[in-house]
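The structure follows.
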Amino acid sequence: MTLKSEPFVVNLGPQHPSTHGVFRLRLTLDGERIIDADMVMGYLHRSMEKLAEERTYTQNIPFTDRTDYLAAMTGNLAYVMAVEKLMGIEPPERALWLRTIMSELQRFASHCMAIGIFANDCGAWQTPVMHMFRDREKILDLFEMACGARLTLNYMRIGGVSRDIPPEFIPAARKLMQDLPRRLAEYESLLLDNEIIVARSRGIGVLTPEEAMAYSVSGPLLRASGVAWDIRTADPYAAYDKVDFDIAVGTSGDVYDRFVVRLAEMRQSLRILEQALDMMPSGPIHARLPTATAQPGDAPVAPLALRPPVGEAYARIESPRGELGFYLVSDGGPAPFRFHIRSPSFINLSALKKMTVGVTVADAIVILGSVDIVVGEVDR
Amino acid sequence: MDDTGTVIAFWLLAVITVGSALMIVAVRNLIHAVVFMMVSFVGIAGLYLTLSADFVAVTQVLLYVGAISVLMLFAIVLTPGGSRDNAETFLRLPALALTVLLGATLAYVAIDTDWSLADRGGFTDTASAIGDALLGKYVLPFEIASVLLLAAMIGAIVLVRPEASIEEAEE
Amino acid sequence: MTAVLTGLDIAHRIEEQSPGAVADAAPEAATIVPARLGDVCRYLRDDPGLRFEFLSSLTAVDRLEYFEVVYHLESLRLNLITVIKVRTFDRDNPVAPSVCAVWPGANLQEREAYDLMGIYFEGHPDLRRIFLWEGFAGHPLRKDFLNLPGARMAGLERFPGEPGGPLEGRG
Amino acid sequence: MSVDLEHYLVVGAILFATGLYLALAKRNFVGVLMGIELMFNAANLTFVAFSRFVQSDDPLSGHVFVIFAITVAAAEAATALALAVLLYRVRDTIDVDRIDLLRW
Amino acid sequence: MTFLAPWYDLRDLGNAVQALLDRIRDWGAPDWVPYAVSSLIGAVGILLWVVLSVLAFIWIERRVVALMQNRIGPNRVGPAGLLQPVADALKLLLKEPITPRDADRILFWMAPIVIFIPTLVIFAVIPFGGRMVLADLNVGVLFLIAIATINTPAVFLAGWSSNNKYALLGAMRTIAMLISYEVVQVLALLAVVLFAGSMRLGDIVAWQQHYNVWIVFLQPLGILAYIISGAVEINRSPTDISEAESEIVAGYHTEYGGIKFGFFYQAEYMAGFAIAAIITTLYLGGYTAWGLEKWVPGWALFLGKLYAVFFIYIWSRGTLPRLRIDQLMSFAWKFLLPLSLVNVALVGAEVLVWDETGVSANVALPIIGAVNLVFCLVAVVAWARLLGHGAGRQRGRRALLTKEVGVIHFEPAEGASPGPAGIPAAQALRRRSGQA
């Protein structure tokens, strides 16, 4: 394949086993080497930002499940935090802890998926992803226990969470906490020292810290480049300021480091979860919302008509994929005037072209796998 | 050689070989022509077998079908802008005349000449005998052939080296 | 905790650095004069006291009278966050300067804003639609993209049972 | 009915003639090369046939010749196809008609 | 039923066939009849066995890989899902045979058939038992190699005629791979031929039986090289780059559906069996097992070994990720090829010395085995180190935690100079690596 040949264009996707959904990568190849990469997206574009302008603040919560459907909890959380910021609501303590627990469980589940699929992209035929699914399923069981759903959870509410966890949740979670470290060790031994994975991912798709910041890359990608930036510590939300954990940082910013950082983050998630399960206070799970403020002489106001004051708010959290932000503009009406999602999957793709040009097709797949996109969140 | 099996095999293989050789001339698509050439080569390998030359037959399949044809396919694919058709140049008629003449002459000579035939029967174990000959009587040609192969390999590599690396080498 | 540089703070600093660059300053954000945006962004990125090297989010808002491009900037080194805005008043041909040269990460986000809000980013290397196909009529996130029957603009103004809603008094 | 030396020689002659026609008349470089290979094969076939049928002290020398011929053919094919690829790269064509300048 | 051999003759089904042939000859049939009948019996027998084995192993592979993946595997069709392969085959048969509009129709239809033939023909020279061989050619080993190369143009035709870019990429990859690993394969087999002094497979098995030693003990490096290049030939992970699902969908047979895909699928399994059969015959003593063949039918031993070898490929498929094409190519050219060359030279020297000194086999073979084992271990490790691989250097990194690189304090730095914050982690790391 060293012969110089005519450049030819390959469409990776929209139907392709490893574009993680309906995402299309137009690669111009010289032999196996990529000389140009063009992203084509929008196959899953549902115009959520427009739809959200038609619905009340509460009705918009389910949309946030369906952007990053592998991490619905964090999607919910970022959105309700934005609304809370807009309205100045302080959720009660227990709700904050519940949010922390759910986000970390979600992070673990999402990283399971990311690492499993990444191993799949490296060519491991389904085995790692099936092992990872085993643990993800157990976490989804916990979610089901808490909110009745497994994928599109719709758990967070403006001012708190939708319902308290059942009494059997904590013992089940503790039991899982005993299991997961062992499993994690298993994955580490299965994948981390695997010669082939190391050979496939070392030195591929390198982003220096400066490049990573310039391309607005966030989350594990940014940390793998050596930038110790994690919103959970930089700008703590929920109850993250009360727990003790470390940020995992990579050293070289290649694909392998991203994968290593994710594995280390899973360990830290377990650490946070253990503390959170111990420290969880009792109390209310929902703040009182300033809703039914009927003007004198008005007809009764619809009960859910949250009407935040005129203004704008930007709330960001560390979702498993990076910095997930919601930018809300309110005109005082019951629906947001502008609803913008700063989606990490989408913005992390900014650096994809930079990373893929010059490598082979096989590397491009692995790099795309390491970015860990969810097309629902890319296209929205 | 007059046992029925061999006779049937010969005629079958001869028809396949010659037929597909003629098809190389006839078909319009270059890739199809290469495919017919492969069939022709396999037919020739079969003919070798009827001549009890098993080592040569297997070598024929290994090198002509497995290597040279594939090289040709590669060359066709690597020159995508080149014409993929199998057309003739303006020399078609003279070439045809010359070819027919030559073929007729050769056939006539083959049939007319009184070859000093000797029916010694088929060979039994050609591989070891050829091996002995190559490393005994023919050891010098053998070495020269290996040098030739090396030279051809280096030459091919040098020819298709990307321009950039040539410039680098010159610098 | 991240320190929030309010619009007033940042406007003050920008004004010190390049007078006349700030068009308007509010607690939420500082609004920059479009022509000066490149300089201001470079200043925000490179100033050792700010180091806004991370363009967190770039989006556009249709404020009916004008379009607003909103930049959320983060400084990872100093743990700061701030918001700047650019306004463009031409509804038919809204133009804003591109910040791709300052933050390459703006590339996709500017394409998104162009696609959905129709703001033309001057100086963008490859301004094409990103989610919708070329030839899609209009820009869906504009408030007047889909005027509903009865001259009502898209957007939820009243609940059916609320005063002013279609089912007023029956709720 | 029997199969004798003449049969093989005639098959060889036809193959050789076909190969010659291909080499002379085809426009495409690969076509020409196919003709050359076919001629090689025709010659090889006659070698093996002679080796089988004709009086000789060392009957297997025909086979040895064929082995050498195949070797040379392989070398020749590799070089020629490398030339074809190079020609294509420089001249954007592998039509032998258009490669008549004796220079790149 | 006199032509059926007594039970002990079932140790070699060739005896039963012979009895049948004698019977036919007794009836006064012309000479070619027994010849034709025996060929027919052999061919049909091999075909039946291959098809049944493939069906069985589709099920076994799916169940085994499912076991490795915490799944159950096929369990709906028939008891324990045993009929799943049959159902799959029926489905493939009944599917509409779609030909892409711009495909080269003739070649598109021809390719699956062409790819089917060589894999089947290989079994003709494999000795399943002492007399259970369809055609014991005296250039058997060379025949195996030659027939296997026919795969190459067939794969190319499949990829090219589909008029699909993935297919073409897959075909180009396959050809590059096959050509590279063929060299390794030839060298590996050459060492075996040097020992046995014959290219006839029956002779090689007889040699192993005579000296009571499997060549695997004399050729540890050879069997490693052969297993790896076999994996390349049958597209099993970690070398399945020619149909790498996550990269180029299905490689050269992306456009094939229905029964044509079934042909490729079947041919791939058959090629797997062929490789396993070759390994069994050449390295694992074929149908012999240190005298056990007196009690157990030779063909049963042969099949047992064959399936065991094939199991390795199933195992690797369920376990290993895939290498990149350039890594695989450089593995062939930089690693396996030099080692195989040295191996051939070593074996040649050993055989020469053995011949010249005339030491008895009881002394010579253990020495040769020990020398080659040591050579294999030393050469592999040393060469890997030399090429920059090996335990220490290729070990995975771990992520560094903030507590290791120093806790990062996020101070709200109102107008302050760059303080300790995000970036210093990277700087600290650089310092660390600079020191190390």
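Order of writing sets the labels: A, B, C, D and E. Residues in every chain begin at 1.
As a convention for this text, contacts are C-beta pairs under 8 Å (C-beta built on N, C-alpha and C of every residue); 3 or more make two chains touch, one makes a residue touch a chain.
This one's a predicted model, so the numbers in the text were calculated from it and none came from an experiment.
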Starting at chain D, how many touch steps does it take at minimum to reach chain E? 2
Comparing each chain's Cα average against the average over all protein Cα atoms, the nearest is chain E
Counting only C-beta pairs in contact, which pair of chains has the most of them? B-D
Once you find the CA centre of chain A and the CA centre of chain E, what distance in Å lies between them? 42
As a quick test, compute the distance in whole Å between the mean CA positions of chain B and chain D. 5
Taking the mean of the CA coordinates per chain, how far is chain B from chain C in Å? 71
Mean-CA-position distance for chain E and chain C (Å): 59
If a residue has to touch 2 or more other chains to count, which residues of chain C qualify? 1-2, 76, 79
Multi-chain contact sites of chain B, meaning residues that touch two or more partners: 55, 59, 67, 74, 78, 81, 160
Any chance you could list the residues of chain A touching two or more other chains? 3-4, 227, 229, 234-235
Quick one: in the complex, what on chain E touches chain B? 32, 104, 106-107, 110, 137-139, 142-143, 145-147, 149-150, 152-153, 156-157, 160, 168, 172, 175, 179, 182, 199
Residue set of chain D touching chain B in the complex reads 1-22, 24-31, 33-34, 37-38, 41, 44-45, 48-56, 58-61, 63-64, 66-68, 70-79, 81-86, 88, 92-97
Under the definition above, what is the set of chain B residues touching chain D in their complex? 1-2, 6-7, 10-11, 14, 17-18, 21-22, 24-25, 30, 33-34, 37, 40-41, 44, 47-48, 50-53, 55-56, 59-60, 63-64, 67-68, 71-72, 74-76, 78-79, 81-83, 85-89, 91-92, 94-96, 98-100, 102-103, 106-107, 110-111, 115-120, 122-123, 126, 129-130, 133-134, 137-138, 141, 145, 148-149, 151-153, 155-157, 159-160
Quick check: in the complex, which residue numbers of chain B touch chain E? 4-5, 29, 31-32, 35, 38, 54-55, 58-59, 61-62, 65-67, 69-70, 73-74, 77, 124-125, 127
Listed in rising order, the residues of chain E that touch chain A in the complex are 65, 68-71, 165-166, 169, 172-173, 176, 237-238, 240-241, 244-249, 317-327, 329, 389, 394-403, 405, 408, 410, 422-426, 429, 433
